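Order as written gives the chain letters A, B, C and D; numbering starts at 1 within each chain.
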């Protein structure tokens, strides 16, 4: 059967490679990329909602104003997509973007600064997701067709990196001439999108696949691939099967097998594994608003109870390393390596619980906290649950779908939850995770000095000064045991060995992909 | 005349059923924890965006008002627009329904036919090894989880043998599409969905054929000089069909269950999968529409089966 | 059809090899479920650093994604799965008997009402209803049990109703009424005991169905992560089926065996309880 | 042994038919039965249930179940050896030559087809002819059997028991066979209808000059309708002869028992209540006269030897050691019962 399988791959490659040539590392054009996405694609309009499977696609159809590559600190620097260049006024309140001139929508209409203004004004007016990054935008002006000016109400250092970073999810620029005066959410073009990006929309068979073809009139050098096809999977098992049997060129990070099997898969002939560091960690968030975790001693006890190496080994097969810092390897610039969470110490942990007034019951159980999670981090959670048993903490595990989980997070209906904190693209993200009343501060952690420092940080433009500020921030988080860092994180994707320039992993794609799902830099080896 | 009365009565029942389904689901959905606004907003969204969504979709109104609004719109045939897609619910579902009907229909028919044949075979050799084998297998067949079977089939026939595609309903390369292509895509899902029903049907068919073979008229038609085969087909089997048909009627509901699982395993673009995804993303209009149309489908089918039964069995009086 | 004729019932059952085999298999599973703690098997929760170990001499069903011994987890799965099966089927039977019995015995508007409800349930896509309930209200196992029982009772009710209708005209029932017994008493001490057997037969079948349903829910990710059930085990292995087939294969196999056994027994029972039915 | 007669239609010689039971035992249902039917004859085959009379009927139609087997003897129909027929010959023989009026008319017709169709199908099976002709023929038969032609398009469940029975009769006449086997043709009908139907059958048979083998447990029915009687007991012939002879001079104690039981006025049949004891178990090897255990005149001899057939007046034969012995007549059953 192996023979059969590889024969099949062969056929596919024939389909993909039209011109012949020796093994050269110079990219060559042509080929159809068959890639995968999970869940239902609901709308290909990039601005009005958060749609995991869709944004990977829309990034290839649409262009953003500014964009940044995945995660890692150096890559996270914003760079222009539609913006050829920009300058920031000395007072830090005015951002002037100069747009590319030769940009056309796929329907042939010329792209202008009006489209940018229209898109962002709509986002702000309708409070679409990107709005939370445009809070400080007082006004958007378009002095001429190729210039856009942002007026900010106050100085905000993280403004641009955050905007660029968020543009990877949503908020790409949509066509004013198609959307102006219509209901954005129900506009028919949400199903047959028209963008300015490197690929043009061809076909969307609901629940099956979406296919794009290369845009010859792209305002940059055109993409290498002729065609991209996203197969939409309703489950996470079969994509692997298809990848192994050669019916899929690219296995998305969310569809890969459990970590322990990645090496085995990577070892298969003709398979390449892509690894990508991340600005997110994997951690446990405490609910500071209710017993028992309103008590710092309990939080510390938990921190002392877990064995990060075991988690790393069992849950992540050692691929995600233990993390003791209030930062992560993906964001080294602002990491304060002196801030360190303690190693496992069960004796001390139990001692602390005794002090906190949680002696072991007859069955040896001290606490029965409720932990909520989705299937996503289940294996990590299961390991930690076993570890906490050792200090008499009997976790009640509520596994649920994302909706329930998110709304329980928002309503604070939990004691513990696994979570992912981002430490980039700008350290300002500490604010959104731990600032009093901030969007992602689900644990309701609150510390006045912390809030003060974050505010200062936003106004500070000098790098050295900012670093000092965020070093302090990290000390505070550690001192309060505000949360519990467990491991690093990162992303793994698989592709046929013939594939190059994959975002999430291949450095050659940086600065050329214009989005984490951008396939502009992808090409097939002959 | 009585037939029309019957039809009317059945249609009234049907409407009742659908209304109950509607009300029941609506209440369930809206009593449930989990805030759709939060989900729609997505991880990156701030509270104010969530608030706007909640308001925009009238999720902040008291339940009975929401229900009232919904029912009145529903009675005018308007299922509203999907939260997550912005399209009219009816369009989305109608776009998915053919796939589901194709899958369910072919499994149902295949199951009925093969089941009947198998059952007849077993009944012909009752008590023999063949009988034991068939009966044993069919119990095993309807004791096997559809999705588990599906996974195994995929790895056997798609990964290792590479005979059939693992998922989807058509090739994504224009030039490869066509009836044959669809059939190839159907092979595995239909198989895994059918096995269960073949099992059930064999069991029923076996019992009813065997019972029919005991009847006196069988002796009669042997006595008048008909061939054994003729007697079996024209009389034993013909009478045995009745219970099988009514069985099939009941199976349609189970089939919807099988559909959501099979569609999920094989990424079959049907409404089972769609509605499940809708449940996960709390797309209320889509969930409601899905459930209501699904039960309308079931009721219509039950109605159809009733009529077939009436045609097949002259003894039934339509009262 | 009367439970009193136990001797006959047992003779009938013994006549049917398959039913007997089924019965014994179920008993074995039951014993396993009861004796779990005292069985010489490793702790099913104990993590080890040997995840995804293929079946071998020390782990002869292999280990799972966290290096836990699959064999002992599969054995533990027996308990949850049986629990789901028996409790939900039992619940369904009880509700069905009460409602069906009352409907059939008293007739009138009660009967009409319950029959309507029954009809509705019989054409409702029940599994979808389950998905909705469980995914909206939480996946706790007892919740699943409860909802399965709640959506499956109508068929039992229908059977019981027919029985009650037939039985209430019987001599001993009228006699009982004549002797001045309260109607509820008559219903539950005379009618139900004499008419309950087909319900029992169906309930046994339902046990198998319930186990399957639980597995199905788990497959969709709606299972209870705090308990080890076969459904959960199958699910835990799905993602790694390509390289670690055993993790979902063995639990699935166990499930097939158990449900088959239950079905064989159930079929046998209904044949035995119902002499009219033809037997080999 | 039986004296030969002319124009013999059916001749059954020393027929032996056994069932193999699940237990492995062999049940000698028919154990050396001999009789013959001449054209126009009406033979009544009578005996308690389980004495093998229905088995004989089924053997004649070749409708034996798998576990039955012919263990000797012969059946000659117009001189042709029926038992040696191939399946094809059998199919032609059935209904063409011998047809049957079934008992339990209630279920003898397929509920899902119209009666007319069922009949015409049978007719077209034997006479290759057009639907129209077949229907025509069926109509005639309906008229003949006194059924309203309109009923042709009815389903069985829409007919009364009597009508069903008439349909069955019409069916039996479809291919005008020379012999009709009527197996308890009136069971399951209420008494008044019973006589009516019976009379119709007889008149039809005379009218068409057919022969009949009437299988019944009801002496009165047989005496009314038949010319000859064959009394069976325990798979064997007990007594055989013209009704007149047998009645004037019953020569087998069992026959006497039957006649004792025979009600003076036409009323409900008392069956063989007057006879003490039960029929023999045919699944065990029996020595001597089958009837001996119940026989009031039993003597040592009876338990050792199978009685030979004693020829009496005409073709009247009785299988009793004491057949013709005047002493027998004086037996008083009532006294014995006491």
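To be clear about the criterion, contacts are C-beta pairs under 8 Å (C-beta built on N, C-alpha and C of every residue); 3 or more make two chains touch, one makes a residue touch a chain.
If you're wondering where the values come from, they're calculated on a predicted model, not measured in any experiment.
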Of all chains, the one whose CA centroid lies most distant from that of subunit D is A
Per contact tally, chains sharing the most pairs are A-B
Chain centres from averaged Cα atoms put subunit B and subunit D apart, in whole Å, by 55
Can you work out the whole-Å distance between the CA centroids of subunit A and subunit C? 44
How big is the gap, in whole Å, between where the Cα atoms of subunit B centre and where those of subunit C centre? 22
So what's the Cα centroid distance for subunit A and subunit B, whole Å? 39
Could you tell me which residues belong to subunit A and also touch two or more other chains? 235, 237, 241, 244, 400-401, 404
Multi-partner residues of subunit C (each touching 2 or more other chains): 135, 138, 238, 241-242
Give the residues of subunit B that touch two or more other chains, as numbers and ranges in rising order. 33-34, 151, 155, 159, 264, 280
Pairs of chains in contact here are A-B, A-C, B-C, B-D
Going by the contact rule at the top, pick out the subunit A residues touching subunit B in the complex. 1, 4-5, 8, 15, 32, 34, 39-40, 42-43, 45, 48-51, 126-129, 131-132, 166, 169-170, 185-187, 190-191, 205-209, 211, 229, 231-235, 237-238, 241-242, 244-245, 247, 400-404, 406-408, 410-411, 439
With touch defined as at the start, can you tell me which subunit B residues reach subunit D in the complex? 215-217, 219-227, 235, 238-239, 312-315
Quick check: in the complex, which residue numbers of subunit B touch subunit C? 13, 16-17, 20-21, 24-25, 28-29, 31-34, 126-127, 131-132, 135-136, 139-140, 142-148, 151-152, 155, 159, 203, 207, 210-211, 214, 250, 253-254, 256-257, 260-261, 264, 275-276, 279-280, 287, 290-291, 294-295, 298-299, 302
Note: in the complex, subunit A contacts subunit C through residues 235-237, 240-241, 244, 257-258, 260-261, 264-265, 310, 313-315, 317, 375, 378-379, 382-383, 386, 396-401, 404
Residue ranges of subunit C in contact with subunit A within the complex: 45, 47, 49, 51-52, 65-67, 135, 138-139, 221, 223-226, 238-244
